[in-house]
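In what follows, subunit A forms one complex with subunit B and a second complex with subunit C.
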Partner chain A sequence: MQSPTNFLKHKGWHQTAIIAIIGGIYVFASWILSFDNLAGFTAIPRAFAWLGVNFKPTSSSMEFLPKIWQKLIQTVLLAISSTVVASAISIFIALLGSKVTGINGTVQTIVRGIASFFRNIPLVAWSMILLFSFKQSDFTGFLALLLLSIGYLIRAFMEIIEDEASETMLALKATGASYFQVIFQAVLPQILPSILSWILYTIENNVRDATLVGILTGTGIGFIFDVYFKSFRYDAAGMTVLAIIIVVIALETISNQIRRVIL
Partner chain B sequence: MINADEQIIQQPNPPKSPEIKLHENSLSRTMIVVVFASLVVITGYTLMHLDAAGIQLNTAFKELATNLQQMFLQPSAGTDGFMPLLQALAGSVLLSILTTIIGAVFGFFFAVLASKNLTNAYLGAGIRVVMAVVRAIPTIIWALIFSIICGLGTTAAVLGLSFHSVAYLTKAYSESIEGIDKSTIESLKVTGAKFWVVVFQAIWPTIIASFVSWTFIRLEINFANAIAVGAAAGAGGIGYQLFVASGMSFDFHETGLIVYLVIFVTFVLEFIAVKIRQMYLNR
Partner chain C sequence: MLEVKNLQKSYEKDKPALTDISFNIKPGTFVAIIGPSGAGKTTILRSLNQLIKDDDGQIILDGKDIRTANKEQLRKFRRQIGMVFQNYNLVERLTVIENVLHGRLGYKSTLAGVFGKYTQEEKEEAMSLLKKVGLENFALKRCSELSGGQKQRVGIARSLIQHPKVILCDEPIASLDPASAQNVMELLKRLTDEYNLICIANLHQINMAKKYADQIIGIRKGHLVFDEDADLLSEDILRTLYDQDITKELE
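And then the complex of A and B:
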């Protein structure tokens, strides 16, 4: 049998060179970061063995369940509401900024700039700045998720409008329909399914990100995990992780089902 | 008399035009309306019950404006100095590259084993379920879990980031592989080609463009995650500096500089990604 390594020899110098470069980067990076590959990979089975022993929810950890559940629901609600508000804002900005429905070149460039600026400011920075002003409240988490989602959604919505609505826009303009008629009668109804699909994806993402925001700002499910984890109540922490897994997979399944119907 | 005449003349019955339906009723339409309505209701409910912890929103927003102004208009290196910040930044970039390489290699291997058109259904389904569970756990929690075994530091960060990367890329790659035309694989199998020959002769060349795109998307995500892990799990790098500057020493000028550095790196990463994608698409 021809092994993959032998096969690659026939592929010429170019593929070998790419593999060599990537391998070189890998070795260089692990050397600079002093990442011990052997220790790292042997830690994986140990980590899972440890997880199996310590993270197993016991009967005594059942008493934490109501509190975990309440925080988790709160986090999901926060993720949903921040996404919905973000999408309401983003759709208007995207309409202003897309090449198809936009006003002019200057506005388009500004919108693109703003979107990528918001997208690239790290979530950590948002959380910490907001934490300073809004203290340890749900509002901090809500705003952090909102600001990050706006950056992602503006870009996504602009791409959707440019991909799907450019022909409709032309066709309706030719009939003499006014700008707002075109937007509300043709463009928005047409892009609605794709927009909904993106909203669902952002909700999933925000639930996961809410954990990080929670650890940093002391709200929601992230906070409760952090508290259990740092006070060595690992069975409760394990229960929290289990609850997160269930909710995230449930959300993923629901949105896949919705997507199958609407797209 | 005139009236009678008029009655004789028969009015033609105007044909009833079929009613034009502007919106076809369909399952997908109903679904969209229902989902949107429930999302809006949930949002309304949540915003009503949002726990603002008794803060004055007015003053809070004013304070935020001052902080943002300090951040973005007067960035400075603060007490740390510029070079240590650059070093930390380089550390985070290398961390994200390292974990993306690990993710891509293992991700491709698992994706091949998980794709419906290549392997038997049970193995594929098993891998997909495991990966879905791994993906459901946020990166930061993976990093915290590994930090108990390996101690706080690079090793835990690398493992934590890699776990999520592998699971994410397995899903992305295997979706690309499942999009391949069945006849390509069948025709190679007919010639008696072995499994890995099929993979590297038929699968790999076909998906290389989407492979590269997904890998670079993951690189950008990993950079963001590297910062998060640095901040919340104390794994070092620019994320830790960011956490200290904004959460401990409250030096918003330095926070601003760090944010600018991070934005600069993400722009560079995006630029490289676009260039490499073009190279592979044009070939």
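And then the complex of A and C:
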């Protein structure tokens, strides 16, 4: 049995050692990559200066605004529809797979496997794979967002069910209520606020991701950003980025308001 | 009449949680199960409505063994057995009356239950039970707005609307302040007499057990060491039960 002073001294050494190791890994990694730290840092202000000069929307870029606006709305709707469909599918699968409401151990393992499979294939890979089957269309973007969202939402919903619904589930089971009665009367009402909160977050996230998917699949706001950028219309590209930022902030504000009301 | 015979349970092989537990309880009796933490009190209580599947023995309620019941029969058993929890286990976001009505689900068809369709009589009964537990003015409040003692009384109303023969209380007052705890214990005692119930409560508070219980069951390391009228609980027994001198706590 070591004394408390000794224990604390050891603990201090451990922390110092861990920090030293992390620092060491960084130095080692930048040496391998021959990454010039100083030049990297000094480049940041220049990069922003370049952005400021070239990406600044001018009066002539205003003419692109209706087109940008139309594509942006299309992108937001894509994000919302993919999230809603993903949520409906995920809640069903999460009920089957959670430890509390699940069917059995095998199904739980399978559901966890499916969720982790969808989650761990990057969005870019999904877009490229789906592009082969569904060509350049909104549907490809929709599917890519849908599959990734399903991966995240199944996992999140399962954890919500396990954290929040196990106690009431037990109470209703003890009254002699049947499985479906317990699900609809106890589990779903109990988890609704947390579920909605996750759906709102996923919508925000999918609007951002839809831009990237759009570049890859040639649809939505991502596509026109790509077009402007590659045709050296940097001012219009800047305008597009600005519009995206405004919409994402607006969405965040709205969903924070909704959260405040429901939670 | 509830008869428990030779109940056995082990969670791990060769590590019995319950060994050969037998006791009888007559209707109209308030029973306290006491014993140290980890002795097996909760395991006994949850075996009685088969939330925990025990390994061997018999649990006979009015002549029928609940342990051999199939899924549908078990559902019919469970609706005769109310349960009250330490953490109340209410659906916090729903109103008080909705939570009370949940006690009727065992009697409803799946579809009616899923959509929460309750009859006029059920709603009126829920209101009269809320009156009985002193919460008639809270029927439309969300449970999350209630205090601990009030939540526990909602839990009791939920078990009463099941028209139970037995009410199991798993540490019913462990999360309550002393005044609310008295209140809940008095309520449980009164209801036991009024409805001729078998009320079984796991308790850590020996003074509460002595004050309110008719019969006391003492459990130590999975063995039954005491099963008598509450008056017969002596300091000697308590010393064996808890391995130490806790008589001071009683004063």
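Keep in mind that, in the parts below, the second predicted complex is superposed on the first by the 249 of 263 C-alpha atoms of A that agree within 3 Å, B and C clash if a C-alpha of one lies under 4 Å from a C-alpha of the other, contacts with A are read in each partner's own complex, and residues count from 1 in each chain.
FYI, contacts are C-beta pairs under 8 Å (C-beta built on N, C-alpha and C of every residue); 3 or more make two chains touch, one makes a residue touch a chain.
The shown structure was predicted, so the numbers you read here are calculated from the model rather than taken from an experiment.
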| item | value |
| --- | --- |
| Touched partner set for A:122, first subunit B, second subunit C, both or neither | first |
| Partner chain in contact with A:186 - subunit B first, subunit C second, else both or neither | second |
| Partner chain in contact with A:175 - subunit B first, subunit C second, else both or neither | second |
| Between subunit B and subunit C, more extensive residue contact with subunit A | B |
| Which of subunit B and subunit C A:167 touches, first, second, both or neither | second |
| Common interface positions of subunit A, toward subunit B and toward subunit C | 192-193 |
| Interface residues, subunit C side, partner subunit A - complex | 49, 51, 75-79, 81-83, 85, 87, 89-94, 102-103, 105-108, 110, 113-116, 155, 158-159, 162, 168 |
| Touching residues (chain side subunit A, partner subunit C) in the complex | 167-168, 170-178, 180-186, 189-190, 192-193 |
| Contact footprint of subunit A on subunit B as seen in their complex | 27-28, 31-32, 35-36, 39-40, 42-43, 45-47, 50-53, 55, 57, 60-61, 63-64, 67-68, 71, 90-91, 94-95, 97-98, 101, 132-133, 135-141, 144-146, 148-150, 154-155, 158-159, 194, 196-197, 199-201, 224, 227-228, 231-232, 239, 242-243, 246-247, 250, 252, 255, 258-259, 262-263, 266-267 |
| Subunit B-facing residues of subunit A, complex | 1-4, 7-8, 22, 25-26, 28-30, 32-36, 39-40, 43-44, 46-47, 50-51, 77-78, 80-81, 84-85, 116-117, 120-125, 128-139, 142, 192-193, 196, 199, 208-209, 211-212, 215-216, 222, 225, 229, 241, 244-245, 248-249, 252, 258, 261-263 |
